[in-house]
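Okay, so chain A shows up in both of these, paired with chain B first and chain C after.
== the complex of A and B ==
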């Protein structure tokens, strides 16, 4: 071939390639995938790929009785199912104008904070694994299991408790439960120093997570970031304090914030919230014996329960951020429409796609885990 | 109803026509607005009253009225109130405007509504399928989509009668009823 006839074909540069990160990958949370485009080991584009766990809950709920949906909702977010039950129950109560007895409200707060502890232990255990710190992952999962033991005792279910129903809770607290919970809290508090030494002050983690996946406060507000991820950018906002529900306005707790907005800061916020949840639970343990009364409001026959027409938007603070249910009733025995607004829908899609760009490939898993995204909640 | 409103909201919305305000609880305000005026309302709420957080966009299919109801839930971190702006758009042709230029999270919700209800948002950056990438049926969250009928049309019932089940049935056990026999 003569040199003057040679025409270079256009083709992508050989150092750029696409990689399917998930759905079967230890660095991805649950059944989820990211399609990343790489230049060397630097991410230049990322695209979230969901739907591996789509079960169509919103459609299913339109075909089931109000009370039956209680068995469906916790499955929307596996690691933190209690806020789903509570938020759905609060929605139905708002539509019916039901007043939940104080005792049930305190029991719900207790259960919500137990769930938050379990979810945070799971979350930073998962994050630790992405930086190669497997011991911490085992510790996190093992300590979470102790909380699940208490869930089992309280509700009969370890993960999906199906314990809250519109009007209150199904059963009262078992004999001696509060003492065992207090002992568990003492144990968990004693573990916090171990976690600090092994993980939160561990230079392997600190140097890996610092300045990774950094969000400024302005970006966080613009992209709809909520929960611990928002508080890690310095904004002290918590639905429990600023849009209170149940008895959170009677409880003392601090809204934990950090300033840096990176993966490290997000984990430190969760670390702080472990302590605050323990603090809240101790207040519940102290107050609950003094609150007598029923554990649920009288409700009509749940199998023939027509909820009055109306619509409501109910929010709670889950361990991952702002969780909300938009529920519409036309007066029938089934919901007309239920829309679930999960915090991970924002964090795992737009925010993750944005934060992954510019990161090194080995940090992508860290970014996803530091956002504590919950893929089943994205898919619904 | 407007006498009970905060003065800022009164001032803000005095000039806007076709708006109905309703206070629902301490921190909830419902606004009903015509679909033409909704983007202007959101712009006012965001720019002049600090409603910077789009919590969600919910879609409801009112099939008897031939309309989709869109509900924009916006939260103000300063005023600690949630405004739900309700508007209705015709089901046919099912096109509405995106608010992505005001609220970035709208891209996700609009993509989701397009996928589940078939309502197209002009100006939204991404209308590609997200969850239902291998789906070729109608938008499933529409009220005229019958999941059970779709399953019966699309899939076939398999006879599954292994030997061990026949044995159990001969002894009077087992559950061999099909769903349609039960109903």
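== the complex of A and C ==
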């Protein structure tokens, strides 16, 4: 080295240090990591470290028959798999011009709202754990399990339903299912008060979550944030209402919003949506017995099914925001390209990195859980 | 806004609410083991008696978790479409999606409500399981996810085929079946699950999965290429084949089999004849071998052998006694089933490859076997069954009693045939239906009405003719009688034929299963007719071989005896087709391929010995 090029290496002050937060950490959702730079216990920089769950789904889908992908897509988002199936099916149907029978559409809405309930219970359970409120975590997970029981009954699978198929759904609603679902909804509704007392109104949580990870509406829009995280900044945008799919335009529900845009507001939006989902499900339970007809449009033999050439961007409202599939067909028996527009990719990487700056170390996990980031969907 | 107020701090006694939980059951209570849901997707079971080893489950499996395993102790029957393979599941790969269940053509696979499997470290291979009816751990768990009608992924409905209605076809020889449109053919081809049962069952092992796939891809030229790998009589087979493939089709287990025959016809009809000739010439030997082969008879067996041999570079000459080539398809099958220009198209391909067909050349009269032996390196005799068998009942020698094959030949040739207004046909096979329906058409042309009675030995449950033929014959006004045995021709005092006397049949076979019909003498009927047609079987005109050669050859109950390859007892002579094997076009084609391979092998040996 020439002397004129020598520069003394600058060392950070001794009170600054880097910490690997994850990928194996109770305060991280799934296999995900943040490299945080701290000054004392204050975060001064954060770098998201994604990719631990990369399975290459988008590429895998190009090598599989249209119908085989229905077993692949739910794996993209483990806590909220149903919108993946429905959205993929909707996009294949859009390419083929398939009309989904009304009964199948209502059954799909039912699953989507069941899945939303399960995902929100999981999310607030997770958030509660980051603030030390373990009872809520157990409640969230245990009550979600009751929804999974209904999923098992309806679809044959507890987590990965693999129940939606281009054209409709794979089995009809079992005898007596709607009654059991209604009973579950009554139970869940009765639990809302307990949740409020123990969590949403609990000062331990409220004080810790208030003004933490605050996102302004403009930031949210610039960074492509959707779903409850966007609605927590005061913007009532919901794909179900603003670009209705299936039979959402025939259902009554409110788009829940909060103004503060902080971790507390995001949780309160989800809490409000629990109630709205129960409301939607009750309408489905009332309507479904009156909707007869097939549960699937006729589709060709899946082993010899050429989907007409074209491309489609089809979106639904998942528990985490706007989920969309961009699918291109060149007329073959397999997709030419599938791109998943996952909502978490928007808020779990850049947004999380930015929101973490300035937070205290113990709030980093809170921020991540309040955003309801879904690492498997980020990585895909 | 959500409905939770944080301004409200609540009562000071609020923490006491927690006491209320003491009286409640814990939320995270350990649950007692419970049965899985009614359509749970647990481990696989497979009903081995229902399963036919078609491997469709393997094809739909997204994780390549299914391997087909051969089980030698299970039955294997290509004609019935049964393979002795069964799916084995690799539970290290399976994701329990259940697509295998939804697509299974037989409905043999299901998933049980059993879902726990653990193993020790040294038993990792216990995740590779061959499901049988007992399930993963022989514990007979109840069935969970199983075949349901509204979720079946197999398309059980065949594309309908347009046909001339009976009132439009009864008085003419126009082709009955219209053929598929392009769109229909693509949809029909898309029903195929590519199991290959059709290939296995076909006598000539046509590459049906491949050509069906090509039709589905809207590539009829590729379909024709696949067809010509194994069958140069595809216009003919696309119309009149006995389609064993469709009986073996796995889709036919629960629904209507794929219309493999009509698809073949569609592919052939979609490609211009000139292009078919180019495709058939692909791969033809460029250098002539210098060897010469004579073939007697220009039916499917003889011409298929000619097709193979000329492609291999041999010079092939075909001798045909009648005015036009084609054999039985031309002279035995009525034009409403097989328009002769389509037969001409098939033969045109073979001629275009360089086969020399000499019509009106009857071996025995115009040319002797000795001369053929002298002038050619190999001789194939494939003259079919051109002579009708007689019932030999009293009066069967009457001039108004005719053989069905003879009449069919004359109708095809456009000759005038005797046509009284009442006719009786003896026999219940497809030839009997052909002659009855042809005569019915001619009667309707001349008299404006049909009076043809078919008197069959068999009852309708054991009928020999295709059910479709029987149905169509009835639609055209043919009267078909079951269980009637011919007794004698009724002849008047002036020597005029009055009709046929028949007796009711008690049984057809004796206890040993030999043909020995027993009749009820009290149940006698007279069927008045001006002509009786005998259609009870055919035989071969072996007189052409000459006495000396006949003496040297080996015979089996009047049939020329040949080995597996079609070789006779004389080293330069082969035989193929109906005269040695029977009974239909596609078998003759298969036989033609077999015998051509044998001739080619011998000629090659000779060539190598000479050089």
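One rule holds in what follows: the second predicted complex is superposed on the first by the 370 of 380 C-alpha atoms of A that agree within 3 Å, B and C clash if a C-alpha of one lies under 4 Å from a C-alpha of the other, contacts with A are read in each partner's own complex, and residues count from 1 in each chain.
FYI, a residue touches a chain if its C-beta (ideal position, glycine included) is under 8 Å from a C-beta of that chain, and two chains touch if they have at least 3 such contacts.
Values in this document were obtained by computation on a predicted structure and should not be read as measured data.
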{"item": "Partner chain in contact with A:262 - chain B first, chain C second, else both or neither", "value": "neither"}
{"item": "First (chain B), second (chain C), both or neither touched by A:93", "value": "neither"}
{"item": "First (chain B), second (chain C), both or neither touched by A:197", "value": "second"}
{"item": "Which of chain B and chain C A:63 touches, first, second, both or neither", "value": "first"}
{"item": "Partner chain(s) touched by A:305 [first = chain B, second = chain C, both, neither]", "value": "second"}
{"item": "Which superposed partner A:372 touches (first chain B, second chain C, both, neither)", "value": "neither"}
{"item": "Which superposed partner A:328 touches (first chain B, second chain C, both, neither)", "value": "first"}
{"item": "First (chain B), second (chain C), both or neither touched by A:54", "value": "first"}
{"item": "Residues of chain A at both interfaces, chain B in one complex, chain C in the other", "value": "none"}
{"item": "Touching residues (chain side chain B, partner chain A) in the complex", "value": "27-28, 52-56, 58-61, 71, 73, 77, 80, 82, 84, 103-105, 107-108, 112, 116, 130-133, 140-141, 147"}
{"item": "Touch list for chain A against partner chain B, complex", "value": "49-51, 54, 56, 58-59, 63, 221-224, 226, 235, 237, 242-243, 311, 313, 315, 322, 324, 326, 328, 336-337, 339, 341, 345-346, 349-350, 379"}
{"item": "Contact set on chain A toward chain C in their complex", "value": "64-65, 67-72, 138-139, 141-143, 149, 152-153, 156-157, 160, 162, 170-172, 174, 196-197, 200-201, 203, 206, 256-259, 268-269, 271-272, 275, 294-296, 298-306"}
{"item": "Sites on chain C touched by chain A in the complex", "value": "1-4, 6, 8-10, 14, 17, 27-28, 36-41, 56, 59-60, 62-63, 95-99, 102-103, 111, 144-145, 148, 150-151, 153-155, 187, 189-194, 213, 216"}
